[in-house]
């Protein structure tokens, strides 16, 4: 499939990557209902690992089965499906390439009382290759005292992945003793975490939709001095996207906790208006009944495509 | 031996594995009195290491000898015999393949006061190959603050083992500062730990029979909201099995502490009725006199085979 | 893109491969005008290396430029574009994934007087990964006294490629002191060479359309004894396809020297009627003017698709 | 399955091997109709590679399909099925362990005019592991001027295979400029080649049934001086078996060219009477119709088991 | 030298080891006054490292010189001489194989205040090979919170040593925050520690003579319930030996602190009567004058040989 002008423009922002890595990035952009637009809606399903199966899948019990998610992502026309190793092992060899896969290379469960937040490494670039994945995923927790270890883990993986033609999606989730609870989604911190992800070499950066809270007093002064608008979601997303190489990195936004359809769509419009590149929407997708989820995801895609 | 339809169906759940790994998985399913049924009764003897020899073997002193267990597993028609390195070294080269072996690659003793639970690595995939083993075994303690290290140890071993045709049995035993004592066997936590084992790439998942306790308040809300039944062992086992890729992973249950025959059998019937794939029965087997143990294990096999 | 039933059937013939390798094989089958049919028309351009540029490109000088071929393959709706390292270096990073690429890993030029035929290794699996290729290609010359070296080179590359998710296209071109000139395209020898390629682990086997000549007297006896038909191209192709695991390997046919359109199409119909999986058509494509080439390739695709 | 006394006795002849290697050797002895007897009937199908598909498979065209052979070996109750890489790739992942597999690691085709006989390496120990094979196979041509290269290739493979628990079957086929045509099956040479295979570390040695010809004059003198009987097949087999560590290596005999049933059975009785351990029977098996082949192989097994 | 029936029986307990490892084990059993009996008296001299030179050697100043110990071991007819790297460097190349050597691969000094007990690695398997040693030695401290690290260090060394034909002597010395001071020699703990050593793959296990103290309440219940006798040294040694694979591992006992000859001999008789395999006697040997030491050691040997 020919890369559209928009896809070519986005690829031009990564001029130091090899064709293998860019081809996989393009593949995600050329898949699904948003193919060619440079926009993304990705289905991520690591909530079973992160929050436990009952909380994640009981609302829509089909989701206990990894097959369900693989197929939902296709039925809804997503760009890619992201999951931990086991779920991809259970599906990759059954369907063989029907949708781009993102192997999540670290995960955290909610059973242990770990001190500072840091996930366990649960997969490798070698796994991504043998499973035919188009990208690796990894979570960093800027704000955690374990920062250095996490950053060092992912920079090694990014380097290895790049050499074999695999781009990286970085979940940048501020968290840890360096931040207040409100700070985890503060606009200055989300922008900062996203910038760090860009500096670490991420191709796609995933953050949470930012709130108007500003965490660091030094930042607050600057926001005030320069009248940086933060009132609307679009304002805040614009700041985050600008913080990622002036918009020359793909920044996408998580859907967060399950909520009503109107609330979801309003948030999406804000992300779109602020120049966000799309959404990675888990619980708000797979916890709805299948057809409802497809309908919601399609509406979201239409919003990003400028059709709704 | 031809794989039965049931065995082929189970193997189809692991579509990303190579033939070597699946052949070893099949070998365990084609051994013993349950051959071809897709059900498992495995004899594990790591209690000498875990709890010390006197507590483990004095009730039936023949068990001080690793030969005893190797032979008991065959006499009873088990699918496999699992043990630490030393016990397999003492028997593998004497009998040479009379029953599939599972090399337990980590172990914990009860002498040290270790902080958060984590076992010592006591063997390698290379050992498993030279001893002719059909699988490796490993214990994770979800709930331990040492979670990351454990998960990272086993994911590397699973990757290596898969590449040389060896499947993995994961002992998922919730334990550690993140959980209450009751939480270690709580139905939500056992299901969660089993799910994590599946995501880590385990082929066979071993858990303890779950109690009706629900450990995490967030989970309690979900159990209540969706009226998930937990009254009977069958109810709870069903939830655990569902949490493992909707039943597409082999989940087996430990026998736990030594107890009366009726109590054992009742538990087994619950596991069977809930869709459990079998038992891994140590102390309740080898601490009984030989013929009594064989009789008990045979009755258990009959229950799983639907004959009792 | 969903794999069609036909694509799934073909993938089922490679049950020992990992999902990465099968996904790349599927990608080629899901590209172009023949997407989903399980048929192939591939554009190969290694003639510049093999026969020199003037002979190859002067008839249609646009072909001096590797861009021309990359685009021609897309314009014509081919499944893939195959070329040596340099030509792919010149295009892969410019277009980034617009069509599946096959990196030809060995090549021979016509300047040296090499004794027994054997090509030089001109690329690696590592190159294929960094360039984002969907397959590697390699030429063997069964009949050459250098057979052992060639077979040993490719078996190591196939093993490496499989481990990182890349399938192999093997050019099986009988040639060398063991064969007469007529023997190079003899039906018994083409079938034999294709069988050897299958045994070496090739996923796709490329041979020349066979003639009715039978090279080896022992084979002649068998053809006669069993009345194996060889009169038509379809007869001979059928024998070759059967010789590749009874049709369970993808066998495609080269277009050979440039010739008239009618001759080309008649040959294609024979290949199709004999159960061939498609064509790999170089000179007869790129030596024609662009639009004429597209038209010819489209007609060929229609023939394979049963539309012409 | 318990090893019989006979199997244990045979295993005791390999006291320096690790349990993994002996377990795989035992597995072959515990499979099929001859399970437990220490006798072997193996189905080898590398003739497609060695002699070409038409000569090999046209007499019974089902044999073009590797599935046919995998199933024939099981239907007939063979101990193992031996084939080159491609044929095992096509079947191992479909059936997953239904019969022990022997991966032939080198092969020769009949297209090239190679000087001194030496096969190409076409697989690796790593392949054997990932395909779940119970042994590797390899052909040496004692008598060839390429002897050193072949011996050095196999000794490295044997060492690697032993370390990961895989035994070796060595095809010892005297051939090359050092021998006359008659010498290739001469009793002194077959015995000598088998002895060399034993010295190279083979666990199972495959030779052709020897003729009464004595190739080397020095040997002829000894045969005469000591009145070594060579008149019957049993006499000659006895000499060959004695030459392999006085019968403490498993020596099996090829079936050779296709021939009538009576001729086959007479030869088998001679091998049995001489103390041969069994047959590796290719063309005389798979070139017959399926049921006839099963019947023939079963009769052969009965002969080895002392029932016919 | 022929292995005696007793030596052959002992070697049969290690059926998974290669001949190199068993030959070195046999060499120790075939050396000195106890040659062929399967009993051991080993001279270990690591006290200089462990307790400092003045405390260790001043009582008999010849012992400052490593030559002294090498020769004392031979003069007394010991099976082997064990020491840290430096002492063996100083003697191995001077005498070149006059007595089997055991290279102690970890050591602890008494200068540092280390938290939980763990020794420093002070040598390697490579050292053992180049110095011509017949075994490696290693100390584990079951009961230490550093347990995992120690067990993981030795399991890697054992695997490496086995692969190059070197057996392992494991010093199992319970110690650390998990145990009381009395617990370090408690009969239940010594038995447990010895069992763990066996499971880790040790060929020879060295423990301290156990006291009648039982450390763990759960064990106390079992000792009482089954009336396990612990009154005499023989009783306790019997329990320890049984705990090591029912007597199928070589268990030897340290001499402990220097004491009077009668006390030493009485302890030895207890060890012998309980089925212990011998002693590893340091300070009670080398701190006595040479001839007195030889006489004591000879008497000890006579006791083990049943002559005293």
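Per-chain numbering from 1; labels A, B, C, D and E assigned in written order.
Everything below uses one rule, namely that a residue touches a chain if its C-beta (ideal position, glycine included) is under 8 Å from a C-beta of that chain, and two chains touch if they have at least 3 such contacts.
From a predicted model like this one, the values you see are computed outputs, not experimental measurements.
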**Complete:** Those chains that touch chain D and also touch chain A are B, C
**Asked** Looking at B-E and A-C, which one has the bigger number of contacting C-beta pairs?
**Response** B-E
**Prompt:** Through what angle, to the nearest 5 degrees, does chain C rotate to match chain D on its C-alpha atoms?
**Reply:** 70
**Prompt:** If you average the Cα atoms of chain C and of chain E to get two centres, how far apart are those centres in Å?
**Reply:** 67
**Prompt:** Cα centroid separation between chain B and chain E, in whole Å?
**Reply:** 36
**Distance from the mean Cα position of chain C to that of chain A, given in whole angstrom** = 40
**Fill in**
Taking each chain's centre as the mean of its CA atoms, chain D sits from chain E at a distance in Å of 49
**Message:** Residues of chain A that contact two or more other chains, please.
**Reply:** 92-93, 130-131
**Prompt:** Name the touching chain pairs, would you?
**Reply:** A-B, A-C, B-C, B-D, B-E, C-D, D-E
**Message:** Considering only the defined contacts, which chain C positions touch chain D in the complex?
**Reply:** 13-17, 142-145, 147-148, 150-152, 155-156, 159, 174, 176-179, 188-189, 191-193, 195-196, 198-202, 216, 218-219, 222-223, 226, 228, 239, 242-243, 245-246, 248-249
**Asked** Which chain C residues qualify as touching chain A in the complex?
**Response** 1-3, 11, 18-27, 30, 74, 92-93, 95-98, 126, 129-133, 163-165
**Fill in**
Interface with chain E, chain D side, in the complex: residues 15-16, 18-19, 163
**Asked** Mind pulling up the chain B residues that touch chain E in the complex?
**Response** 48-49, 51-55, 57-59, 61, 64-68, 84-94, 107, 109-115, 118-124, 126-127, 130-131
